[in-house]
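The structure appears right after this line, and notes come after that.
Per-chain residue numbering starts at 1, and chain names A, B, C and D are given in the order in which the chains are listed.
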Amino acid sequence: AGAVARFEARVAAEDKIEPNDWMPAAYRRTLVRQISQHAHSEIIGMQPEGNWITRAPSLRRKAALLAKVQDEGGHGLYLYAAAETLGVSREELYAQLLSGKAKYSSIFNYPTLTWADIGAIGWLVDGAAIMNQIPLCRTSYGPYARAMIRVCKEESFHQRQGYEIMLTLSRGTAEQKAMAQDALDRWWWPSLMMFGPPDGESQHSDQSMRWKIKRFTNDDLRQQFVDATVPQGHHLGLTFPDPELRFDAEGGHWRFGAIDWAEFKAVLAGNGPCNRQRLKTRRNAHESGAWVREAALAHAAKRRARAAQPARAAE
Amino acid sequence: AGAVARFEARVAAEDKIEPNDWMPAAYRRTLVRQISQHAHSEIIGMQPEGNWITRAPSLRRKAALLAKVQDEGGHGLYLYAAAETLGVSREELYAQLLSGKAKYSSIFNYPTLTWADIGAIGWLVDGAAIMNQIPLCRTSYGPYARAMIRVCKEESFHQRQGYEIMLTLSRGTAEQKAMAQDALDRWWWPSLMMFGPPDGESQHSDQSMRWKIKRFTNDDLRQQFVDATVPQGHHLGLTFPDPELRFDAEGGHWRFGAIDWAEFKAVLAGNGPCNRQRLKTRRNAHESGAWVREAALAHAAKRRARAAQPARAAE
Amino acid sequence: MTSILVAQDAPPLLLHVLRLADTALVLGHRLSEWTGRAPMLEEELALANAALDYIGQARSLYDYAARLDGRGRTEDDLAYLRDTPDWRCWLIAELPNGDFAHSVLRQFLVAAALQPYWRALAASRDATLAAIAAKAEKEAAYHLRHAGEWVIRLGDGTDESHRRMTEALEDLWPYTGEMFEADAVEAALVAEGVAPDPLALRPAWEAMVARVLAEATLDLPAPCAWMQSGGRRGVHTEHLGHLLAVMQHLPRSYPGAVW
Amino acid sequence: MTSILVAQDAPPLLLHVLRLADTALVLGHRLSEWTGRAPMLEEELALANAALDYIGQARSLYDYAARLDGRGRTEDDLAYLRDTPDWRCWLIAELPNGDFAHSVLRQFLVAAALQPYWRALAASRDATLAAIAAKAEKEAAYHLRHAGEWVIRLGDGTDESHRRMTEALEDLWPYTGEMFEADAVEAALVAEGVAPDPLALRPAWEAMVARVLAEATLDLPAPCAWMQSGGRRGVHTEHLGHLLAVMQHLPRSYPGAVW
């Protein structure tokens, strides 16, 4: 109990908890779950955007998109590394993803249907992710906080890129404008769902707030996102697919309509448009690459054996 | 020896030899080789044209091309059936194709690079095939002759279709004309090679002529093809890629330049642009379909067993 | 501006004909992709045959749609110059072929819905649609029989084929619900006696599927499972765009050319 | 008329820059197709890195080609508005990825040719080309090292990986001869000191390949085997057309739009 009190005091004092420090089992568990889910989301998140790499409409966009998807893979890698400091192996975590046991952000179970979706993902999905992640740069667990600082820097670059795509489209031909509007129509509500269930229904919130893993509630972050994003959409000349959206001058907030939580739950339960496809793609890659990983191990073993040989001979 | 004499007399009298008739072993061997090579050519020949089914530029062309490729498969099937009347199984013949032991027409080892190639194949390749095959409608072996009658009828329809594609392109935009010319440039010489090596070097010719398996020499057929085709090409407004091509008014023939037999031999030896690809495609299809064929057999066996069950119970 | 948009507020009949056409063409295109790749030659030809049936249906339907549209467009304009969001096919049609199990199962599940649909549509008050449907019904009946036999053969074949059919069923089942949805567009046509109510045809489909899956020793999935939907609203899978990129390449590259 | 043709009788320098650009872009495109499909995450990122290098090289080269062309075309016009016969890449670049063995072996065989080529080209009398080459040489050196390590690892790994590498070597070898061909276009540039003679660089390539294959316990194919060729004349494999259909779909569908 003394350890718990000391731990909580450190957290309260905004001290960073480091891998070798004592921490409550539940803290460790929560972090492993959250960090690995975040890592999985980066990895699965490569797919919807990856879907447009071969069809990007200019060389500049092609290079930028490929670099962005590559960044996401990189984020996945250092988030796995952060999780590993808590005593789980990346293989274990990755196996949980492939088996469907671990979750990842539901937003990546929606399909990318036009080039405008690449803009919308950058603008809205990365925008929402940043809103979630900026507070995590100050989260109580050191390795996680440091990983998030790097992630956030790159994400905000991606977000600007996405907005710039939307801007180009909304200043383009009638067809391009229609494409941009259609993308906003499809991505707006799922982006709002990215902040998770309403505060009343959120399972892990209270303790996470106390442990400073989390610093704002889901609803707070969602409102921040809406407030930041709606003026950007208006600047694009686009209409949000929400007839109830209006500015509340008194509160200083954009008020929005009711979220379809039935859809949120269905997608979370595995019934989104692309859940099966996303996991299958990664499973197929993993299975059809098994011979490569085995060969790499076999070769490394041969090398070690050869390196040991002359040494023994010299004995 | 009496049997041989009687056989040869029947052939000389233009009698058809039928499956149950006596025939020299060499006659049988020659026919099996020739018919199965022809069947293989139809099957492999589906690939270069099949390559454009998904990219055919209009629904009418798409349907016509798919139907044509399907016809080729059908030709393959009844040619295999004709070969089977000579006491070999289709499985055996097909295995020879997949192993690379059996030959097929080298023309199908060239790639189809633009839509005009579909026109050029119909016009030139089917045109050359018909030239080769019309005499085969009167070949001495009955089942082969009857199969060829059906094949020839469909091929001449394909040939007209191909010419019509070339005509449309050569009456089209500058780019379409260039496409048609480029296709003629690439397919002309390989089409001439379809008639096989010059008479002096042809291995099987003499005996095949005597047995009325063959009725014209390679060079004769080649000349007939050139004479028929050059005016068609001129009607299209295209130029043949042969600076020596000229009309010999005295002989009444179009004289053409020297054929590059080194290329012919290289392609025949397996080094054409697509030899490996063509066989791999068929091998992959065969291998990845093994489970289907096994399942069909297993199911049929189950059915038979079930059908036998009540009969036995009733005994 | 080369993209030919048929607005969502076009007349219901035009929209509906286009939906039927899009599903037929996309299915035909997918089946045609089997050319050169089938497990046996006879099946390769059978798949090509079915592809030709679907492409033929699509042509009749696009031709009718173009006439209903009345702005001088052709069947090819409708097939080759519309981008993904303007397509109205069922999602199940656009899924990649997968292995032979996936392909014959899709062929079966779709034909089991289309055959009764065409039969009912053959009684449409719209004479053109009725004539197209009468012909398509015969084709669908053949597809249904042929594919159904394969479902049984592979379901009740080897362990491997049973496993593959089970996986195919899991993959495809969520896309079957969409075949029985009717939105306002369709409701209007149902009210006028121009089109049958797809929901009314569902029991026949369920009975057929239950019978064949039982004979194939495959478990019938829960019919009320979560279903995918969106094709009728232009919200597709990620696969359609790739299919269209290939299919439309030539007409898109040489605008105005005649082939 | 949207197809941008660079006639075969264009200035040799323009043609040559375009050839280098086409090979770089097509290779970059192929590598980018691995995204989401690689055997391990680290390699997926490494492949994407190489893809980015190639696409970057292509952009510099197209940009230079567009300036040499002098008719107001952009890098994107050259990449997105030319049809198959106008492309000038090596055939080896356009072959489908195949399995990981095929992809790393291609990466190795090509980098082993490109690295000495870029190094020699960095001494070109053409300052722009020399600058592009100097940068590309560093990238190629890294690709060569990375892919070479994989060739060794997989060749001298398991029986399965050895078998796959052997098959990849048989498949790709016939496409290596083309990398050392020099036609009249190139000869003209060699004479002027603008480009190196690829044939002179062949011994270095052969030595590198022999060394790595030996360490990989793979048999060196006969160097004088029959070779495929045609990319420099616009006579390609059947694969390039499919790649371009996908790559060019958007700019072809929306002519004149800015993205």
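For this structure, a couple of remarks:
Note that in this section contacts are C-beta pairs under 8 Å (C-beta built on N, C-alpha and C of every residue); 3 or more make two chains touch, one makes a residue touch a chain.
The shown structure was predicted, so the numbers you read here are calculated from the model rather than taken from an experiment.
Seen from the Cα centre of chain D, the chain whose own Cα centre is farthest off is C. The interface with the greater count of contacting C-beta pairs, when A-C is set against B-C, is B-C. Between chain B and chain D the centroid-to-centroid distance comes to 36 Å (mean Cα coordinates, whole Å). Averaged Cα coordinates give chain C a centre that lies 41 Å from the centre of chain D.
Listed for chain B are residues 55, 173, 175, each touching two or more other chains.
Multi-chain contact residues of chain C, defined as those touching 2 or more other chains: 3, 83, 241, 245-246, 249, 254. If the chains shown are joined wherever they touch, the resulting network has some other arrangement, not a path, ring, star or complete graph. The chain pairs satisfying the stated touch condition come to A-C, A-D, B-C, B-D, C-D.
The touching residues of chain C, when paired with chain A in their complex, are 1, 3, 5, 83-85, 171, 174, 226, 228, 230, 235-238, 240-241, 245. Those residues of chain D that touch chain C in the complex are listed here as 2-3, 83, 241-242, 244-246, 248-249, 252-255.
Per the touch definition, chain B reaches chain C in the complex via residues 43, 46-47, 50, 53-63, 66-67, 69-70, 73-74, 76-77, 115, 165, 168-169, 172-173, 175-176, 281-282, 284-286, 288-296, 298-299, 302.
Per the touch definition, chain B reaches chain D in the complex via residues 48, 51, 55, 111-114, 173-175, 179, 182, 186, 266, 269, 271, 273-274, 276-277.
Chain C meets chain B in the complex at residues 25, 29, 32-33, 35-45, 48-49, 51-52, 55-56, 58-59, 62, 75-76, 79-80, 99-100, 152-154, 156-158, 160-161, 164, 246-247, 249-251, 254, 256-259.
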